[in-house]
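One structure is given here, and the rest of the page talks about it.
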Amino acid sequence: MAVEVILPKVDMDMETGAVHAWKVREGDAVRAGDVLFEISTNKAAMEVEAPASGIVRGIAAEEGATLPVGTIVAWICAPDEQPPARAEPAEVRAHVAAGGSPAPAKPAAPAGAISREPSALRATPLARRLATSLGIDLRQVPGSGPRGRIVSDDVDRHAGEMQSTVASAGARNGAVIAADARVIEAGRPRVRRVPLTAVQRIAAQRLVESVRTAPHFAVSAHIEMQALIDLRARLAPRIEEQTGIRPSLTVLLARIAGHLLPRHERINGSMEGESVCLHGDVNIGIAVDRDGELMVPVLKRAGERSLAELTAELARLRKEIEDRAIRPADLTGGTFTISNLGMYGVDSFSAIINPPESAILAVGRTVATPVGRDGQIVLVPRATFTLSCDHRLVDGVLAARFMRDLREAIEHPEVLI
Amino acid sequence: MDQLDGKRDAIAMTTELQIRTGANQRPELAALDDDVLRAALLKMHLIRRFEETAEDSYARGLVHGTMHLSIGQEASAVGAVLALEPKDYILSTHRGHGHCIAKGADPGRMLAEFFGKETGYCRGRGGSMHIADVEGGNLGANGIVGGGLPIAVGVGMSLRAQKRDSVCMVFFGDGATNEGAFHEALNMASIWRLPIVFLCENNKYGMSMDVGRAMAVANVADRAAAYAIPGVSVDGNDLPAVAAAARAAVERARAGDGPSLVECKTYRIRGHSKSDRNLYRTRQEIEEWRDRDPIRRLEDELLRHDRLSREELRVIAERAEQQITAAVEFAGTSPDPRVDELTRDVYAD
Amino acid sequence: MPNEIVAHGAGVRECSYAEAIREALAQAMEADGRVFLFGEDVGVYGGAFGVSGDLFHRFGPERVIDTPISELGLAGAAVGAAITGMRPVLEIQFSDFITLAMEQVVNQAAKIHFMFGGKASVPLVIRLPGGSGTGAAAQHSQSLEAWFAHVPGLKVVQPSTPHDAKGLLLAAIDDPNPVLIFEHKLLYKTKGPVPVEPYRVPIGKAAVRREGTDITVVATSIMALRAEAAAQRLAAEGISAEVIDLRTLRPIDFPTVAESVRKTHRLLTVYEGVKTMGIGAEVSAMIAESEVFDFLDAPIARLGGAEVPLPYNPALEKAAVPQEDDIVAAVRRLVREGEA
């Protein structure tokens, strides 16, 4: 019977590690106690010895690849024995990664590549159930139970890890998609089945929850943008000088919302159980897309911070999202959300509320629009703002009052800045 | 009513006259008046025709399970039950159609049970081997040899505790007397002097096992001595003899003097069950017993002593035929149980 | 009839399991002339384990009946009395002897109601002292309750406390079906609070003896007491065990077990009967078949009697059935190591 060689836990709270250097090669004969490989942790390097005598087969870890503790990295076999089958590296396909950026030609190194055979995977029913509901691939989860059985705690721990290390696993996430994507059998080649990413799953759950529980209604207003455009033009050089970034319309709108919302506390509120939570802070979430993943980083206390600060902050958040380094704290705590699709040429749209918030502001493009003024038709830059509200907290009049104040603020923004 | 009573009086007078004029009748026969004999003969015919019809239905594939026919044993069933009143109980056996009809069951509902119908005595859940007519005092046939014997003890205890003057007659075959239950039941009934009649129908075979090979005593009744109770053997194909023996046992039980053992020596003409190929007995033996057919014997005796006329006998046979025809009609047109009620009545509410 | 446990405040006092049974019998006989007790040595002798005690003198030989040694006949007599209007309570001296009466219990009592299309009911009670621990060896120490829990038409209960011994017996006497009560010989002298007034413990309802979050221990009869003691010890080491006393084997209270396992994610069954094909297998299978399966975070484990006739030697006898230490160890294994 082949004996598995695992990447051992050699350090307290060590959850991943890497084979630093193999000391044996495929097919080498070893005796129990011989050094098989060096393991590197963030503290030290250690030698790992053969757990049995026999032939080394099925080496499955690239040097330097970060793997979860407990991953099988090789087998010690009898001379005439083959190691148990494992996932084919060929399954890791280069071109499936979202965004189409070409992946390295050799099998991707991350954990996804070294996956355990699903049939050999040991996990308790609860762990399986949990993994399914969290969208976690059990093959990525190190098991702490007997003979590596995955229990619910392992899945929980892994889920926590995933959240906090989304960024560092930048490449890895792509590879997970790659590993899981299954091109459906020949004959129906145009259909691909791509599992949702963890972020997509969470977003999907929250959106469904929102639509199910919050009775949505929307109010719209066309608002003239000239004053805001002028203000941005006036402030931009100074802000760019301070931060190196030009302030976006979105940042200006976040600043304005931050200013207005303390006076519209229900629109800044949230539904929690049977009561309405009214928040002292105004934290503005900004809807951001990352390769099909909807993320909402939060500008904390937007009404109390300068435009320069908010500009720099939003830039940082965007970059961290792009780098997959965003921290959960930056993705939580929002009290109101702005979604701006104007840059894509969208005229107007209504958005789904980001639960448990009570409203979301959808911003369309600014377009030169003929309007009647003093008996003349003139062209003014105008955008359509649509506020979706949770009718449990916000009624039509409250929404209308906010839109009235929003129009006032956008059309006369100087007072705010 | 008046007319009927008048007729009954006339019959009673006739009987008395015959006895007085010394018409050479056995006392066992003389003890039964014409009405009782008519009713008894009707029941014997009903049993015979019921079983023949059941057999025919089986051949036609209308009956699901097997059945145990008592053709040839009608005198012991009817004769024994003649001694009982409606308030009395019987416990029956797997070969129990005769007991059931004798105790007054409706052949239509019995046949419906055979056919597995909802209108059957057991709503199609019991079949031939478990027909019970609790209201009519029949506490059930039994699929277990000797199964009714210990139950009879409990019925006897119950009657005693409730101070009822009913008795319990428990039927069993010769085979059951070799079960431990027989010993336990007779012993307890005797020590507690329970109102029970142990009625053994010795039909010579326990399935294929000849009674002479299965027990060392000559008669089942001999075993009564072990319990210090009366034990009597009678010709089980002789209705008046069975009735007389049963009456004595019932009277003793009702008087509080305890149980008796009555053995009716009889013979089943058909095989043990429908799968019996009669490998253990000879055709000649079967023919000899056919000659002692209890129905024909009774009819001959009644004619010989002018108790009933040929015409009366014909009418009785005809009535039996009509009742069975009606029973077939009723059973055939009755509804089947509903499959979604499968687990109904596993527990009483 | 009230089907609830009646709490009587002042009317509750300590008494033994045997006394509780005797009190139930006396109260049932006082309340209902149809009830009578019979069996071997239940009269003048007062019962082999002293359960019937003075009942013979209080109710007379017509209501407390000494019988010959005839288990089959007695079981049949119970059936006959039950179907003709009485409420017999039969004591089988040692539960092992019920093997002599299987025919009447399984073929007759259990089936008559169904077989007769619902037209007769069989309201009888059979009391069966069972279990090991008294040095009575192989033919006087068995736990055969699972055999009967396999038979539709029978009800099977196993009280573990004086309170339940009385309440279940009164409920059994009320019940229109044959009910087998497996008492435990070692429990007769155990004491506990028992209301003086008659009350019923519902048949078919398990009791959560102790709440916990890490593991559900489903136990029967004396094992429920051992499981409770084990849980107490385990609490000291930070393991929170929920203990369920099944109380009734048929009809089994699956919802209570399922709800608990859904919460704790682990299941251990503890029973004295031989482990294989026993109560634990049934409880385990019910969980494995149910939607609770998906909530298991460890294998299901069983602790049952050893695969051996019960031995005489005290050390061997003890080793043949689960003890408190065994339960503690099994729970630790399941919770700490995830191993059955």
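A few points about this structure:
Just so it is clear, A, B and C label the chains in written order, and each chain counts residues from 1 on its own.
Following the convention adopted for this analysis, a residue touches a chain if its C-beta (ideal position, glycine included) is under 8 Å from a C-beta of that chain, and two chains touch if they have at least 3 such contacts.
Nothing here was measured: the structure is a model prediction, and the numbers come from that model.
In terms of inter-chain touching, the protein chains here are arranged end to end in an open line.
Chain nearest the geometric middle of the protein is C, using mean C-alpha positions. Spacing of chain A relative to chain C, judged by their CA centroids, is 57 angstrom. Chain A and chain B have CA centres that are 86 Å apart.
We define each chain's centre as the mean of its Cα atoms; on that basis chain B and chain C are separated by 42 Å. By the touch criterion given at the top, residues 124-129, 145-146, 149, 151-152 of chain A touch chain C in their complex.
Contact residues on chain C toward chain B in their complex (touch as defined above): 34, 36, 38, 62, 65, 67-68, 70, 72-86, 88, 103-104, 107-108, 112-123, 152-153, 155, 176-177. Within the complex formed with chain C, the chain B residues making contact are 89, 91, 120-126, 130, 132, 134-135, 139-140, 142-144, 147, 149-159, 161-162, 168, 180-181, 184-185, 187-188, 191, 343-349. In the complex of the two chains, the chain C residues touching chain A come out as 265, 293-298, 337-339.
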